[in-house]
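So that we are looking at the same thing, I have put the structure below in C-alpha cells.
Letters A, B, C, D, E, F, G and H mark the chains in the order given here, with residues in each chain numbered from 1 onward.
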Amino acid sequence: MTPTALAELLAAVAAGQLSAADALGRLRDFPSEHLPFATIDHHRALRQGRPEVVFCQSKTAEQVLAICDRLQHAGGGFLATRVSPEQLALLRGQFPDLHWNDPGRVAFLPGTEIREPNGTVAVVSAGTSDLPVSEEAAAVLEALGHVVDRLVDVGVAGLHRLLAESERLHAADVVIVVAGMEGALPSVVGGLLAQPVIAVPTSVGYGASFGGIAALLGMLNSCASGITVVNIDNGFGAAVAASRILRR
Amino acid sequence: MTPTALAELLAAVAAGQLSAADALGRLRDFPSEHLPFATIDHHRALRQGRPEVVFCQSKTAEQVLAICDRLQHAGGGFLATRVSPEQLALLRGQFPDLHWNDPGRVAFLPGTEIREPNGTVAVVSAGTSDLPVSEEAAAVLEALGHVVDRLVDVGVAGLHRLLAESERLHAADVVIVVAGMEGALPSVVGGLLAQPVIAVPTSVGYGASFGGIAALLGMLNSCASGITVVNIDNGFGAAVAASRILRR
Amino acid sequence: MTPTALAELLAAVAAGQLSAADALGRLRDFPSEHLPFATIDHHRALRQGRPEVVFCQSKTAEQVLAICDRLQHAGGGFLATRVSPEQLALLRGQFPDLHWNDPGRVAFLPGTEIREPNGTVAVVSAGTSDLPVSEEAAAVLEALGHVVDRLVDVGVAGLHRLLAESERLHAADVVIVVAGMEGALPSVVGGLLAQPVIAVPTSVGYGASFGGIAALLGMLNSCASGITVVNIDNGFGAAVAASRILRR
Amino acid sequence: MTPTALAELLAAVAAGQLSAADALGRLRDFPSEHLPFATIDHHRALRQGRPEVVFCQSKTAEQVLAICDRLQHAGGGFLATRVSPEQLALLRGQFPDLHWNDPGRVAFLPGTEIREPNGTVAVVSAGTSDLPVSEEAAAVLEALGHVVDRLVDVGVAGLHRLLAESERLHAADVVIVVAGMEGALPSVVGGLLAQPVIAVPTSVGYGASFGGIAALLGMLNSCASGITVVNIDNGFGAAVAASRILRR
Amino acid sequence: MTPTALAELLAAVAAGQLSAADALGRLRDFPSEHLPFATIDHHRALRQGRPEVVFCQSKTAEQVLAICDRLQHAGGGFLATRVSPEQLALLRGQFPDLHWNDPGRVAFLPGTEIREPNGTVAVVSAGTSDLPVSEEAAAVLEALGHVVDRLVDVGVAGLHRLLAESERLHAADVVIVVAGMEGALPSVVGGLLAQPVIAVPTSVGYGASFGGIAALLGMLNSCASGITVVNIDNGFGAAVAASRILRR
Amino acid sequence: MTPTALAELLAAVAAGQLSAADALGRLRDFPSEHLPFATIDHHRALRQGRPEVVFCQSKTAEQVLAICDRLQHAGGGFLATRVSPEQLALLRGQFPDLHWNDPGRVAFLPGTEIREPNGTVAVVSAGTSDLPVSEEAAAVLEALGHVVDRLVDVGVAGLHRLLAESERLHAADVVIVVAGMEGALPSVVGGLLAQPVIAVPTSVGYGASFGGIAALLGMLNSCASGITVVNIDNGFGAAVAASRILRR
Amino acid sequence: MTPTALAELLAAVAAGQLSAADALGRLRDFPSEHLPFATIDHHRALRQGRPEVVFCQSKTAEQVLAICDRLQHAGGGFLATRVSPEQLALLRGQFPDLHWNDPGRVAFLPGTEIREPNGTVAVVSAGTSDLPVSEEAAAVLEALGHVVDRLVDVGVAGLHRLLAESERLHAADVVIVVAGMEGALPSVVGGLLAQPVIAVPTSVGYGASFGGIAALLGMLNSCASGITVVNIDNGFGAAVAASRILRR
Amino acid sequence: MTPTALAELLAAVAAGQLSAADALGRLRDFPSEHLPFATIDHHRALRQGRPEVVFCQSKTAEQVLAICDRLQHAGGGFLATRVSPEQLALLRGQFPDLHWNDPGRVAFLPGTEIREPNGTVAVVSAGTSDLPVSEEAAAVLEALGHVVDRLVDVGVAGLHRLLAESERLHAADVVIVVAGMEGALPSVVGGLLAQPVIAVPTSVGYGASFGGIAALLGMLNSCASGITVVNIDNGFGAAVAASRILRR
C-alpha cells in the first residue's frame, strides 16, 4: 500500500464514499498477508517509502512467483534480486513488461506510483569481475528512482585511471565503491572525496581472499575515515543505503 | 588551512596585497607538513571540509602533542580520539581550553572557523557497557557541528524500551546504533525507520562474542536492508560517516 | 524395544510362559544389533523414551534401508532425517505406509506403541528460506507425539508481523525459533516470553553469514537470557530438545 | 514490580483506595526507569517471572550500585553476576544482607516475594577448573528458587566417576553439564539420560582450545541428540534456561 | 629397493659376481628416479622399511599409472590411496592382481618381499559415515603386514556399545579411533586403555562441525592424556603411525 | 604502448613528421582505453616495463577476447592467466600463433618488441600436484623473457632429492619455491641459499590444510629469514616478483 | 593404588590376614576420592600404569596442595605440571623431597614403587624459545621412568645442525619433536627416520603464527607420513604418548 | 666465521703455517657451537653472507648475552632484534660500542669485516604508529650495509603525500612498504613502480584489523602484481629479503 493509495482511501472515507468498516477491512488485510511459506510486509512502503524487495536466492521459482504476484496485486510493483534463470522465466511468463538487468540479476516491475528521479549515485567498480555486484547496485538504484553514473575497472594498481575521473566523482551525491581482492579502492576514493562513501566488498579473488573476507576486512579497517561497509557481494544493500541518504 | 583562510589568501592576491609567489609559498608549505614521525595532511580541511583527526592509540604522548601543536598553529584547531590519561595531561597543560568527553576519550579544540549546527543524529546504544563507543561518536559529532540525541540502554531484550522512544528516532536525520553481544539492535531500528542507519559493533560481550565479531557479523547480515556498518568500536568512524551525509 | 514390550516380556516370565533363559536371550540380542556397517542401539527407546533416529546424510541408500528394516523388525518403527530422494525411493518401496515431510526431508514410520499427544511447540521461522530447517523440526516433533504451531516468515525487519502473533507465542509450552542471516529473532522472542526458547541458526544468507556462523554467534551471544542454541540447520536437534522438556 | 504488587495496586483501585490517575502514574514510572547510563526494565518481572539481572562486567562499581539500588527500591531485590571485588565491596557496604557465592562471583539480595522451591537441577562439572562457571550456574539457580545437586570433577577420562553417580543424575529434573577442553561430557550424559541437558562450554584449556571454542564446537556437534548449548562460560544463561523449563 | 635386494647386491659384489662400478651404477639410479612430473623416492623402503605410497588425489590417472609402474619395476610393489574410479580402471588394466578396498579407496600390489604379520591394531569408528576413513586405515595396515580388528559404530551417545567390546580393545597393541562430529570417542577410549591411541578426526557432520574442525579440536584437547592426532580424514597417516610403533 | 613505440612517436614529432597535437591525441587515447566492462591500462608497459596481464578467471570468454584484442592492436601482445578451455578456444580462433602452457593454463602472444633473455629462475616444486602452480610461474617467466630451470617433486620428506640438486639451486639468480601441505620446503631452501627466495603456497592438501592456509602460514612464519611470500596458488605473482628483481 | 599395593592386599586376603569385607572397604574408598572441588581418580594407576597427573593451571595453590596430599597418602607419589611459583612454594613446604624441573615447570614426587628405566626418547627442539615445552616433555618422561636424550636448537634453517646428530636420532626408540613458527622440523625428522615421531607445536612466534596455529597446521599436514601431533605447547601429552608406546 | 677468515685459514695451511689437523679442528668447532640452550650456526656467514641474527623475544637476558658473546668471539659481531630493555642493559654492560635503534629495538655490533655500502632501499610507512616496524627494517638494512631512505606517514587516505615523493621512490633499488589497518599502501606503490616491492603488514589497528590479519590479507591479495609479503610486524624479514636481492 503506497502513501498515495492510503491518502485516497482516507479521502474516500471522509467523502462518505467508503464506510469506515470497509476501510478498516482493507487496511487490516494489507499490512501482512499470509502465504503458506511467507508473510508479506505490505506495510513497508508506508513505513520506509520503498517496496518490499524479494530476495530470490534459496526460494523456489513458484514461491518467488506467488510473492511477486501478491505484491503486484497490492499495487506497488516489485523488485526482485538474485533471480535465477528458472525464476526469471516464470516471472517473464507472468509479467511481460518486466525490466531485467542481466549481469546484476535484478528484475523490476514498476508500481503505479512514479517518483521523480532524485540524486546521482556514482557506482565505482575496481575490476571487470566485480560487475555482477556493481550492476545489482545500479539496477536497484534505478528502480528506486535515482540516477546512476558508472565508473568501471578503475582499481588502485593503475591509479591514473581513477584520478582521470575525479570530476565525475565530485559531482555525485553518494559514491558506492565495489571491489574484491584487497578492497583498497574505497580508501583511496574516501580520501579524495567529502561525500558519503559506501563500500561493497566482493567475493572476487582467490586463495587468501577467502571469498571476500580480505576485501571486507580491508574496507572495515580503511584509513580513510567515515567509510561505511555492507556485506560481501551486497550490491542491493549498498543501493538501499544510498537511497536512505537521498530520500531523507 | 580552512576554506575561509584560502579565500582570504586568494583575495589578498587579487587585491595586490600579496604576490603570487608568496601565496604559492604559503600554499606549498601547508598541504603536507613533515615531522620526523608524521606527515600532517593540512590539505584535508580543504578537501573534505573537516579537520585532520589525530588517532592517539599507539602514539607516544610527545608525538600527539607535537602533531596537535602543528594543527593548532595552522589555525584549524584539532580533534583527538582514543586519548590516554597520560596524553590528556600533556594536552591540557598546553591547551587549557581543551574540551574533553571522558567516557568517549575524545579531546577537542575548536578552530577559528565556527560552522552553524547542522542536522540531528540519534545515537542509540544497546547497553550501559557500550557507552565508551557511543560517547566517542557523540563527542565527534558535536565537534563537527551536529546536534546529538542520546538513547541509552534500549537493547532488544526489552523491546518496549525502544518502541517507547520511536518519536525521537523518527525525528533524527541520521541514526547511529551502537551494540555489542549479538548486535541485533540495528536490525530492529533499521526495520522501523526510513533514514540512514549506521551500525557500530562493540567489543562488549564474552565467550563467543570474540571481541565484537559476533556483533559485526550480525550487523553485516542484517535482514533490515540498507544498514551500513563500520569497524568494531569505531564510534569515530560512524560519526564521520554521519557528517558526510549531513554536510553534502 | 519399547517399555511396553519389555513389560510384556517380564510379565510372560512371571507367568511362567517364558523361561528366564529365553527372556535373557531376547534381551541380550536386542540392546545392540551388529550390522557390518552399523551397531544399532535398540536400547535407546528404553533409556530415553524415543526411537533410535537414523541420520541419513553420508549413508548409502542400502545402508539406510537395512538399518530401518532392523528397527522396524524390533517393533519401534523408525524416524529418518536428511533423507535423499534416492533413499526415499528405496524406503517407500519397502514401507508403503511411510509418512513423508517434503521440505523437511523427514521420513517416519510409527511403531506399535502410540503415545498421547503431549504439549504444544511453536515453531517460528524468520524467512521463507528457513523452511527446510523449521519443517525438519516440525516433522520430528509430530513424530514424537507433540502438537506443532507454525509461525512463518516473521523476521525482525518487520516487527509488527511477530507482535501480531504474540497470543499464539504465549500459548506454546516451548518455542523453537529458526533464523539465518543475523539470527536476531530469538533475542526478540526470548525477551517477550518466559517459556523455554530453543534457537536454531540456519545456513541461509550469503557473504559474511559464512554458512550460518553469523546466526550461530548471534544466538549464542543473545542479550535475552536463558536462550539455548543447537547446531546450524539442526531442526532435528531442536525438536528432540523440546521433547526432552515436554516428556520429563 | 512483582505480580503481587501489581495485583495489590489494581485491588486498591477497585476498592476506591487509589485513583485511576495515581495508579497510572505509578505504573508509567515503573516499566522503564532512566538513569543517565542505563534504562532499567522493571517490567521484566511481570513479563518473565524473574528479576532483572545485573551483568556487572564492564560496568563501573558506581553504575552497578546505582542500578541495584533502583531495583531494590522497586521491591524485587536484585541478582548480580560477574561481580568484581571492588563492586562487591560497594554493594556490601550498602546492602549488609547480601548473599555471596565466591567462586561463582554472584551477589543476590532476595526481594519481598518468596517463591516455593521448585525442581532439582543437577550441575555437573568436568574438572576442578570449571568451578567458577558451574558455581555461577548454581548460585543463580538457588536465587531463582531451585534446588541444586552438584557433581564435581567427573570428566570422561575417568568414566567410572560419572557412572557411579547415575542415580543422582536420573533424579534431576534438568541437567546442566559444564566442561572445557574437548567438551565431551555432555555427549556422554546426554546419551545416558532422557531429561533436558544444557551444555556450558568453558574457556578452560590451552593451545588449540582457543578459549573455549573447542568445547563449544564439541557440544554443538554432539552425537547425543537434543543437547542444547549456551555461550562459553555462560553459567548464568544455563541457569536461566533451566528455570524457564522448571517455571513453565 | 628393498633391504633384501640391497643385501643381495652387496653379496654379489663381495662374491665377485658384480663389479663395484656396476653396483654403484645400480644404486645411483635408484634412490631418486626422475619422471617429468615426479621424483620417485626409491630410497624410502631402505630408510623407513615400507614402500613409497602414492597419494592419488590431484594427480592425473596417467601420472598415477606411470609412478606405480616405476615402483613395480623397482620390485617393491606399490600402495596407492585416494584412488578415483578412473585411476582404478587404469591400474586394474595394467595390474590384474591389484588388491582393492572399496570404501577405503586403497589399491595395493604386494612386492616380492613378504613380511610376517606383526601386531594387532584395533580400528574403532564412531559411526557408519566414518567408514571411508576407517577402512583407509584398515587397508593400509593390512598392506603393511599388520592384523586389523574392526569395531564399527560404537559412538559415545550409546556408551554400552563400546563398553561391551572392552576385551577386544584391551587385546590390541595399538588402537586407532576414527570419529567425526564432536570427536569425543578417543577421550573415552584413551581413558579406558593404557596402549597407544591414535585419533583420526573425520569430516563427517554438518553446520558447526566445519568439515572436521570440531572433531580435530576435540581430539587435540582431549582430557585423556597421551592421545595423539593426525589430520582430518587421514586414515592413511594413522595406519603408518601405528606401523611405526609396531615395526620399531 | 611500448617504450620503443613512445620513442618513435616523440622522434616523429621532433622530425616534424607529426604535429604535437596529433601526438597528444594518440597519447591521450592510449593510457586508458574504455570498454563497457573494462578500462585497459595501456600505460603499464611504459610504467613497469611489462605488458598488462589479463586475469581470465571470472571473466566471460567474450570479455577476455575483447580485452586481448585491444591489447594486441596496441602492439604489445598479451599475456593471459587462468585461461579456461572455453576462453582458450576463442583466443586460438582469433590468434593462431598463440603460445599455450597446458598445466599452467597460461596463454601468451609475444608483442613486437623482443627483449634479450635475462636471468635464470629456479622453479622448485614440492610435489607432482603442485605442477599447475609451478607451471603458471614458469610460463609467465618465459613470457617475460627469463630462463627457467625446473626442479620437480623434491619435497622435504625425502631430503636427499633436494640436496642432490644443490648445484642447480646455487646457479639460479632467483628461486621460486612452490609447495602445498605444510609448506616447509621454502624454509629448507632458504636456509641453504643466499639468493632471493619467493615462496608460493598451493591449495594442495586436504583436511586441516584448509585450501592452502597451512602452507601459507608455514611460509609466513619460516625460520629461514628473508623469505617472501605471495598469495595461495599465485604462480603468476611469484613470476612477476622475480621479474621485478631481474629487470631492475 | 599401585598394582603392587593391590597384589599385597589380595594376598593378605588369601592368607586370611584381612577379611574380604575389609578389603572391599579399602578398595571401595580408593577408586574415586571426593574433595569439595575435585574427584581424584586413584584407579588410574591400576588402569593405565601411571599416576594421576595434576594439571595445576587454573587451580588455586590450596587446591593443588590438597590434591597432591591425597595422592601422596594413597602411596603413588604425584606428578604436577604447569606449576606456578606460588604453587611450587606451597608444595615444597609440604614435600621437601620434591623434584623440580624449572624451565618445564614440572614437580614430581616419586611413589613407593620404582620401575626399571625403559626405552630412550629423543626430545628434539627447534629453537631456544621452545625449551619450556621440550623440558616439560623431558621431565615427565623421566618421572615415568624413561631415558631422555635432548637435542636443542636444531631447526631447519640450518639443516647441518640436525644432520650432524643423525646417529643419536637413529638410536632413539621414540622421537618427540618440538617446534614453533612454521613447525617444519617434524617433517624433516619424520622423513629421515622409521621410528614413531610425535610432533609438539609451540606457541613460539609472532604475527601470523597465531599462538601456535601455524605450527600445529604445519605438523598436521606434514608430507612425511605417520607423524602424530598433540596440542600446542603440550609437552606433557607428548611424553605420555611416548610412554604409552614404550610401556605396551 | 667470515669468508675472509676462512680464506686466511686456508692460506695458512697452504703456506705450511698451520697443519691440516689444526685447521680441521678449528673448522669443526665452528660451524655449530653448542650451548646448553642453543646451537649457534657459525656457518651461516659463510653460507649466506650475513651474520647469524639473534631473535631476542622469548629468550632470557642471560641467554641473549651468552649467544652474542659467542658470536662476538667468533669474529662476526652480532645483530639482535626485538631486544627488551632488560636485555639491552645487559648487552650494553658487556659491549660499550653497541649500536642501538630505539624505536626499532635493534642492537648491532659490527664485525671485523666491513663491506662497502650497496644499494638504496626506500622504507615507506603508512602511519606514525608503524614506526617500530619500519625502523626495525631500517636498522637491519643499515647493519647489513645498505643505504636507507625513509618516507614516513604517507598513507593512502592522503594520496598527495605519497605522490609528492615519487622521485625518491623511483630512485630506490628496492622498496619496503610498511602498513597496518587495511594495508592498501603496497598496492598503490606497486602499481606506480617497476622495482621489487616488499610489503610488511603491521599489527596497528583495532577491532576487525585482528592484530594485522586485515593488512596481511590485503597485501597477499594486492591487485598490483609482483608484490611479495612477509609476516606481520616482520621488519627484520623484509630487510633481509631486500638484502638477498641487493647482494646477489
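The criterion applied here is as follows: a contact is a pair of C-beta atoms (placed from the backbone, for glycine too) under 8 Å apart; a residue touches a chain by one contact, two chains touch by 3 or more.
Keep in mind that what you see is a predicted model, and the values were worked out from it rather than measured.
Chemist: Over half of the contact pairs shared by residue number: find the pair among D-E, F-H or D-G that meets that against A-H.
Modeler: Equivalent chain pair to A-H in D-E, F-H or D-G: D-E.
Chemist: Roughly how big is the turn, in degrees to the nearest 5, that lines up chain D with chain G by CA atoms?
Modeler: 90
Chemist: I'd like the Å distance between the centres of chain G and chain H, where a centre is the mean of that chain's Cα atoms.
Modeler: 38
Chemist: What's the distance between the Cα centroids of chain E and chain G, rounded to whole Å?
Modeler: Distance between chain centres, rounded to whole Å: 28 Å.
Chemist: So how far apart, in whole Å, are chain C and chain H when each is placed at the average of its C-alpha atoms?
Modeler: One centre to the other, that is 61 Å.
Chemist: Multi-chain contacts only, two chains or more: what residues does chain H have there?
Modeler: Chain H, residues with two or more chain partners: 157-158, 192, 207-209, 213, 216, 220-221, 225, 231-232.
Chemist: Could you run through all the chain pairs that touch each other?
Modeler: By the stated definition, chains touch in these pairs: A-B, A-C, A-F, A-H, B-C, B-D, B-H, C-D, C-E, D-E, D-G, E-F, E-G, F-G, F-H, G-H.
Chemist: Residues of chain B touching chain D in their complex?
Modeler: 128-129, 131, 152-154, 157-158, 160-161, 164, 204, 206-209
Chemist: Sort out for me which residues of chain C touch chain D in the complex.
Modeler: Those in contact with chain D are residues 47-50, 53, 173-174, 192-198, 216, 220-221, 225-232, 236-241, 243-245, 247-248.
Chemist: If you look only at chain E, which of its residues touch chain F in the complex?
Modeler: 31-32, 34, 36-39, 41, 43-44, 57-59, 63, 67, 201, 203, 211-213, 216, 231-234
Chemist: Quick one: which bits of chain A touch chain H in the complex? Just the residue numbers, please.
Modeler: Counting only chain A, the residues touching chain H are 126-127, 155-159, 181-184, 187-188, 190-192, 205, 207-210, 213-215, 217-225.
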